[in-house]
Every structure is written in structure tokens, then in C-alpha cells.
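Shared between the two complexes below is chain A, which pairs with chain B and chain C, respectively.
Here is the complex of A and B:
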């Protein structure tokens, strides 16, 4: 029985892991460039999810086709949060910056979560389209269409980010800022604009991840903390600075949770992921795939 | 003279708090004061590690919850008297602190924060899975449930917590903790062991949080065992400490009074929005007034005593501009 379920668990693990990876890449990019530890990242995901949900519910927009609108919404939220709050912490020394952005992030998550609760109630919501129940069966293993499409979209988003960072001037400026912001600013890069740009890319990625969650799974105002934790876990698992590593870290977490659900019980999936995280923090703080610290 | 006045005021305050429930005061007022005591314990204990020692612990609810869990089990299921039950609860919280202390402090700064956040969630989910049933005081005991002993337990434990924080802040150990906060490497170079001070701060902080948990278990009629493990308790502790002023003894006390009173006032009109308002306040405090209400008060007092005009900064004495001075100023350009 267990063996029969194994391939299915692996498939589901990879499918959900891609979303963990996508969420974590956004958090990791923002942290890598700005040293902002935005723990309201999960709330940004939540907002993206609700954007897709309401566009579908009220205007009958297809959840995948409405992704650009969800991204646009998160860009607006991102600009507001950055200009109103985060810009005031840009000049702090690194350690204070990490700590203060984390504290402020908790305040923001409290605000966003409760606004969502007031506006949209505590109910679990999800987008159910005409094609939501379609699933392909290969070798007794189910591949739900929407989750497979979500995986493809995650990969496309990751590839686009990769190309952006590699090929464009702004992307190179971001990478230079990650390496050494002082040197970058001496070379004529406007570091403040790079910070804003990275923050917005992070918000947009959170939006995409949230939209995909609302299609394949469910969303609720209180989902933020769980997703922030997952993103943090994956960020550390993957090691800072490598987005491919981060994405693979997401898949590792998804697989771990899924297999733990199979081996122990579904209610402990989250615990196993967190325990894995603490072990990695203690024994390999540079991440599973990160290089050893110089 | 000032000290005598302060001491007299404290004695008066304590006497007032002891006498309060004996006057014909309504139960809901007593409950509110109990809530203030609970927040004083939670935020003061968080403050010892988070404020004095500078280690942001985001798993504080784990110690509170464990204290509550052990106390509740012994007291309700084991039929123990309440005081020994609470002592065992404190022991359980300290045991957890010892267990996670060494690995946790291998993590510096932000990793410590997210590591403790993860630990808190592990315990929260696990306790929720293992003990899904609500824990309620049995109906026959409920008939004799009295608020008065609860009130005094809370009062006594809150006083213990604040006194412990005060003694610590003025001790060599407390100064060492603050030195670690200001700069770990600098503290180490002066012979202050960062690891030792952080561990002791965690143990003291955890034991006081366990104490708060024990009082909570004694007070609450019925709740899910995982409830005190919820992340809300951690965030409330952090928020209250910051609103009042971290790193000070009086800050968490002021923060607790402020939090409970304002929350109660908001409950009349804006019950659903109080968390949004406190979230915004917290963000504003971290951004603009990191010393909280204590800092705000000292600023106001400064303005009052100086009549509103900021004191001019001392002017550097003008030196004769010799040729050398000129050369120097050219060099520095």
C-alpha cells in the first residue's frame, strides 16, 4: 500500500515544492540585494491569491490569464510598502537593518492579515475553474492539470528572472549590488533604485506564487505565517545567492513534507519541514547547496 | 529624597493592587488587571533576552505554552496542588531552554530569530496534534472557582518577574548581557563570555515565561492545550515590550498597561480593528521611536524642562587660523 502511494507522493511533493521554491526565490532575492528580511512575504502571497480569486469570482477572469493583473496589483502594493516603510531602513547598518525589517515585517503582516480578515472573512477560498478537475494518469499516478501548469509557470518565471539577471543592464546592476553595494554605487549604479526594483520583483514573484496557490490549493487571510516560514526554510535550505539552489530547495521541502505525510501522518508534514530546517541551520548554515563560507 | 518618594509610591501602588479586589470592584475590572499582569510577565521575560541581551527570540510562546501545559496536566489530571504544579511548569520551560540553548546560540542574529520561530511552530503544531481535546476545569470544581486566589497568584508572580528584571538589570550579570547586546566581539575581548550570558538570559527568560504559563493554566477555565503555544503570544510579547520600551525594566510594564487599556477602549467601538491599529503603532515605534513610550516620555520631559528650545550644541573653540590650519583644511577637502 505504502509503495503504491510512493510515486504519487513524490509527484505531489514536487508540484507543491515548485510553489515553495517560487515564493522563496522572491524572499531570497529581496534579502540578498537589500538585506531586508521581509517577513510579510507570506502576506504578499496571500494578497496575490485574493487578487486572482476575486478576478475570477467577480469578473470570471481565467486565473492563469489574469496573472499579469495579479502581478500589477502586487507591484502597486510593493511600491506603497517600500516608499512608506522600507525606504526608511535603507541606510541602517546591516545587522540593525535585518532586525528592524523583520520586526516591521511582523507589524505589516499583522496589519495586512487583519485587513484581509475584515474585508474577506476567515473562510478558506479557492478558484475552481471548469478544468480544475482534469487530471492525467500515467502509470497509476495522477497529474492534476492545474498543478502541472503551475509548475510550468513557476519554471518560466524562474527562467525569466534568470535571463533578466544575466542579460539586462538592470539585472547586472542587481547582481553587482549583491556582490558589493559600495563598489556598485561607486561604479555609478543607483543603489536605491536597485533596492526598489528588487523589492518589486520579490513582491511580483510572491504575487504569482499566491495566485497559483489559490488555483491549486486554497487561500485564507491567516496563511501568511506558514508561507513566510516555508520561504525562510527554503531560502536557508537552498543557500543564499543561488536562485536555482533556492528553487531546488523548494522541491526538497515539498518532497520531504509529502513523504513525511506518507510515512508518519499528514498532520506532521509541517513539523518535519521545520525540524529539517533547524537541523540545516545548525549543521549547514550555508545551505544544502551553498558553498562553504570562505 | 527622590528615592524615598519613589519607594513610597511603589508601596502605595502595591498596597492598592493588593486591596483592589477586596473593594466591591466588578469582576471584569479584576480580569483586566489580571490581563495586565499576564502581559507584564510575558513582555518582561521576553525583554530579558530580547531587550537586555539583544537576541530576538521569536519562539517565546513555546516556553509560555510548555509552562502552561505541564502545570495544567499536573494540577487537573494529577490532582497536584497549584504551587508545585507551577514549579514543575517552570522546570519544563527551563529544560526546553537548556535543550535548545546550545544549538540555538550557534546561530547568530537573524538565524537565531528564525530558528526560534521555527521551534515555536514545531511545538505549536505538535501539541495541537497530540492533544486535540479542549482542557477544561471539571464542572464540579468549577462551582468553587474563585477569582480572588487567581488574582493574587498573578499579582505575586508579576511582582516576582519585575523584581527579577530590576535586580538583573543592576547586577554584574545584567551589565554583561547588555555588553553582549552592544557588541559581542567587544564583550568577549573584555572577558565577558557571550555564550554564557546569552544562555543565562535565555534560561531566566524561559523560566519567567514558564511562570506566566503556570498562572495562565491556573486562571483559564477551558482552552485547547495548543492555544498558549500560538505565535500570537510571541508577537504580543514583542509588541508590548517595544511599545513600552525594550531594554528597560519599566518599559514592558508601561507597555502592558497601555496595550490592555487601549485594547479595551478600542473594544467599545473598533473591536475588529484593534490588531490593525496596534500593528501600525508597532511599525511606527520600530521606525521612529525604537525606545518606545519610555523614550517618548524622556523626550517630552526634556522639552518641558528646557522650555521647548533645543539646547544649542557646544561651539568648538575657535582657533587662530595659522598657515598650518589652512593647509589642514585644504587637505581634508
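Here is the complex of A and C:
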């Protein structure tokens, strides 16, 4: 019985893991560039989910085709949050930045959760399209269409980010700022603009992840904390500095949770994820795919 | 060309610079020498805007740099090679050079500048696809200087370019600095290698405990007894 379910658990683990990866890449990019630990990242994801939900519910927009609109919505939210709140912490020393952004992030997450409660109530919501129940079966293993499409979109988003960072001047400036912001500013890079740019990219990635969650799974106003935690775990799993590593870390977490659910019990999924987090911190603090610090 | 007037600067509560005034004329090669912790690097940080002075003014020609952020100062033609080079080790040699030409003006001319830089540093052309972290110490320092030249600076600030290099490379490095200066780029050179710096430079300032304690040509500075014994042994 257990063995029969194994391939299915692996497939579902990978499919949800891609979303963990996408969420974590956003958080990791923002942290790498700005040293802001935005614990309201999960709330940005939640807002992305509700953007898709409303566009579908009120305007009958297809959830995948409306992705650009959700992204646009998150960019606006991102600019507002950055200019209103985060910009004040830009000049703090690194350690104070991490602490202060965490505190402010917790505050923001409470505010955003309560706004969401007002607007959408505490009910679990989801987007159910005409094609939501389509699934392909290969060798007795089910591949739900929308989750497979979500995986493809996650990969496309990651690839787009990779190309942006590798090919464009702005992307190279982001990488330079991650490595040494002072040297970057001596190149003529306006580091504060690079901060804003990365914050917006992080918000947009969270938005995409949230939209995909609203289609393949379900959303609720209180979902943010769980996603922030998962993103943090994945960020540590993958190791800082490599976005491909972070994404793979997401898939590792998805797989671990799914297999733990199968082997032990579904209610222990979270525990296993956190246990993995602690094990990595003890034995491989540079992350599964990170290079050792010199 | 560059004028610092009565600069006082702090790290937190600690005063690092006390009334520093210095001048660099167009085309000159000026050295700033002194012991470790005297304020040499801090002076450069104040010029490039990484550290804002509590009082005093900085001018490039008639233009005030005192309140400008670092990225604007680069666009005005001041480029710094920081201590240790601080190249971007995870990026390729070519990417490092491209970042050197980040400002709008330099970016438009970067293909031409790149050619010039490669004729000057042929070694870097051979290694352009290589990740900068894999370069040797001498090559890294070359890359750091080449990267600074990519912004087409009028004034080049060099912080300890000889630091950590083998003696034979030090000679080569100083020869290269002379050539860069001969091409019309004004240079302010910070060095602990006082003898070599004084031989190379037109003039020098001596800094101690955050204060300028002497200035002049090589010969004039040798007349300072204290300087001769302290730096030349």
C-alpha cells in the first residue's frame, strides 16, 4: 500500500516544492541584496492569491492569464511598503537591519492579515476553473493539469530571473551589490535603487507564487506566516547566493514533507520540515548547495 | 583639480580625520603616505562619498562633492580602487569590467574603453571569461585597476595597490601607475610602501593620527628628520 503511494507522493512533493522554491527565491533575493529579512513575505504571497481570486470571482479572468495583473498589483504594494516603511532602514548597519526589518515585518504581517480578514473573511478560498479537475494519469500516478502548469510557470519565472541577473546591466548591478555593496557604489551603482528593484522583484515573485497557490491549493488570510517559515527553511536549505540552489531546496522541502506525510502522518509534515531545517543548520550551515564560506 | 578643505570626519563617536586639507593639481601624481590607521583610507572614503565629513568641503574643480552620493561622484570622474581591490569574485572578469563602466556616459563608450584597457592589460583579455575569484593576487589587482579605468576617470584614487603583492609585481604595479598617469589621468596614491611611493610621486602628503603633518616633494620630505627615520629607516 505504502509503496503504491510512493510515486504519487513524490510527484505531489515536487509540484508543491516548486511553489516553496519560488516563494523562497523572492525572500532570498531581497535578503541577499538589502539584508532586509521581510517576514511579511508570506503576506505578499497571500495578497497575490487574493488578487487572482478577486480577478476570477468578480471579473471572470482566467487565473493564469491574469498573472500579469497580479504581478502589477504586487509591484504597487511593493513600492508603497518600501517607500513608506523599509526605506527608513536602508542606512542601518547590517545587524540592526535584520532585526528591525523582522520587527517591522511582523507588524506589517498583522496589519495585512487583518485587512485581508475584513475584505475576504476567514474562510479558505480557492479558484476553481472549468479545467481544475483535469488530471493526466501516467503509470497509475496522477498529474493534475493546473499543478503541472504551475510548476512550468515557476520554472519560467526562475529562468527569467536567472537571465535577467546574468544578461542585463541592472541584473549585474544586483549581483555586484549582493557581493559588496560598497564596491558596487564605487562603480557608480545607485545602491538604493538596486534595493528598491530587488524588493519589487521579491514582491512580484511572492505574488506569482500566491496566485499559483490560489489555483492549485487554497488561500486564507492567516496563510502568510506558514509561507514565510517555509521560505526561510528553504532559504537556509538551499544556501544563500544561489537561486537555483534555493529553488532546488524548495523541491527538497516539498518532497520531505510529502514523504513524511506518507511514512508517518500528514499532521507531522511541518515538524519534519523544521527538523530538516535544524539538521541543515547543524551539519551544513552553508546550505545543501551553498559553497563553504572562505 | 581636487581640493579638500579642513575636513573633520568621524566613525561613530571616534574622530578619524582632523582638519585635513589637501590639493591635487590636474595631471599630478600625488602620494598620501603614513602609518597604519593614520587616516589614509578614510581620506579616500571621504572623497568618494562613502563617508560624509562632519565639516569641511571637497571640490572637484569648481564643483562641490561634499553632499553627493558615491554613484554621482563616480559620474563626475572620480574613480577609486579600494584597498585589496575588492573585485566581484563571483562574477567574470568581463562582467567586472562592464560594471566599471556603469555610469551612463561610460556605458555608451564601453566597447572602445574595453579595447584600450585590454591593450594595457592583455592578461585580462585572455582571462575575460574566467570567474574573477580564480585569478591570482596580481591579476586581481590589475582587474581592480582596469575596472576603475572603465569609468574613464579624470581622477584615480589608488588605495595600497602594492599591498600583498610579491616584490617583483610591486615594481610592475608602480610602473603601470606611472604609465596611467602619463596618459593624462590625475592620481592620488595611498601607500604604506613610502619609499616607492615617494619615488613615483610628484608630491606627497604625510598623514599621522588623522592630521596632515608634512607635505612636499620627495627631496623636501627627506629633509624632515622624523619622516626619514620613521618611514625610510
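Here, the second predicted complex is superposed on the first by the 294 of 294 C-alpha atoms of A that agree within 3 Å, B and C clash if a C-alpha of one lies under 4 Å from a C-alpha of the other, contacts with A are read in each partner's own complex, and residues count from 1 in each chain.
The working rule: a contact is a pair of C-beta atoms (placed from the backbone, for glycine too) under 8 Å apart; a residue touches a chain by one contact, two chains touch by 3 or more.
Everything quoted here is computed from the prediction, not taken from an experiment.
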**Request:** Using the superposition on chain A described above, determine whether A:278 touches chain B (first), chain C (second), both, or neither.
**Result:** first
**Partner chain in contact with A:255 - chain B first, chain C second, else both or neither** = neither
**Message:** Under the stated touch criterion, which partner chain does A:151 make contact with: chain B (first), chain C (second), both, or neither?
**Reply:** neither
**Comparison of chain B and chain C by chain A residues contacted** = B
**Item:** First (chain B), second (chain C), both or neither touched by A:40
**Value:** neither
**Asked** Given the touch rule stated above, what does A:220 touch, chain B (first), chain C (second), both, or neither?
**Response** neither
**Request:** Using the touch definition from the top, say if A:196 reaches chain B (first), chain C (second), both or neither.
**Result:** neither
**Item:** Shared contact residues on chain A - chain B and chain C
**Value:** none
**Request:** Quick one: which bits of chain B touch chain A in the complex? Just the residue numbers, please.
**Result:** 56, 103, 106-107, 109-111, 113-115, 117-119, 121-122, 125-126, 129, 231, 235, 238-239, 242, 272-273, 275-276, 278-280, 282-283, 286-287, 290
**Asked** For the complex, which residues does chain A have touching chain B?
**Response** 37, 85, 88-89, 95, 98-100, 102-104, 106-111, 114-115, 118, 225, 229, 232-233, 236, 265, 267-268, 270-271, 274-275, 277-278, 281-282, 285
**Request:** Would you mind writing out the residues of chain C in touch with chain A in their complex?
**Result:** 48-50, 69-71, 74-75, 79-80, 82, 86-91, 95, 98-100, 102-103, 106-107, 147, 151
**Message:** Going by the contact rule set out above, which residues of chain A touch chain C in the complex?
**Reply:** 169, 172-173, 175-176, 179-180, 182-191, 241
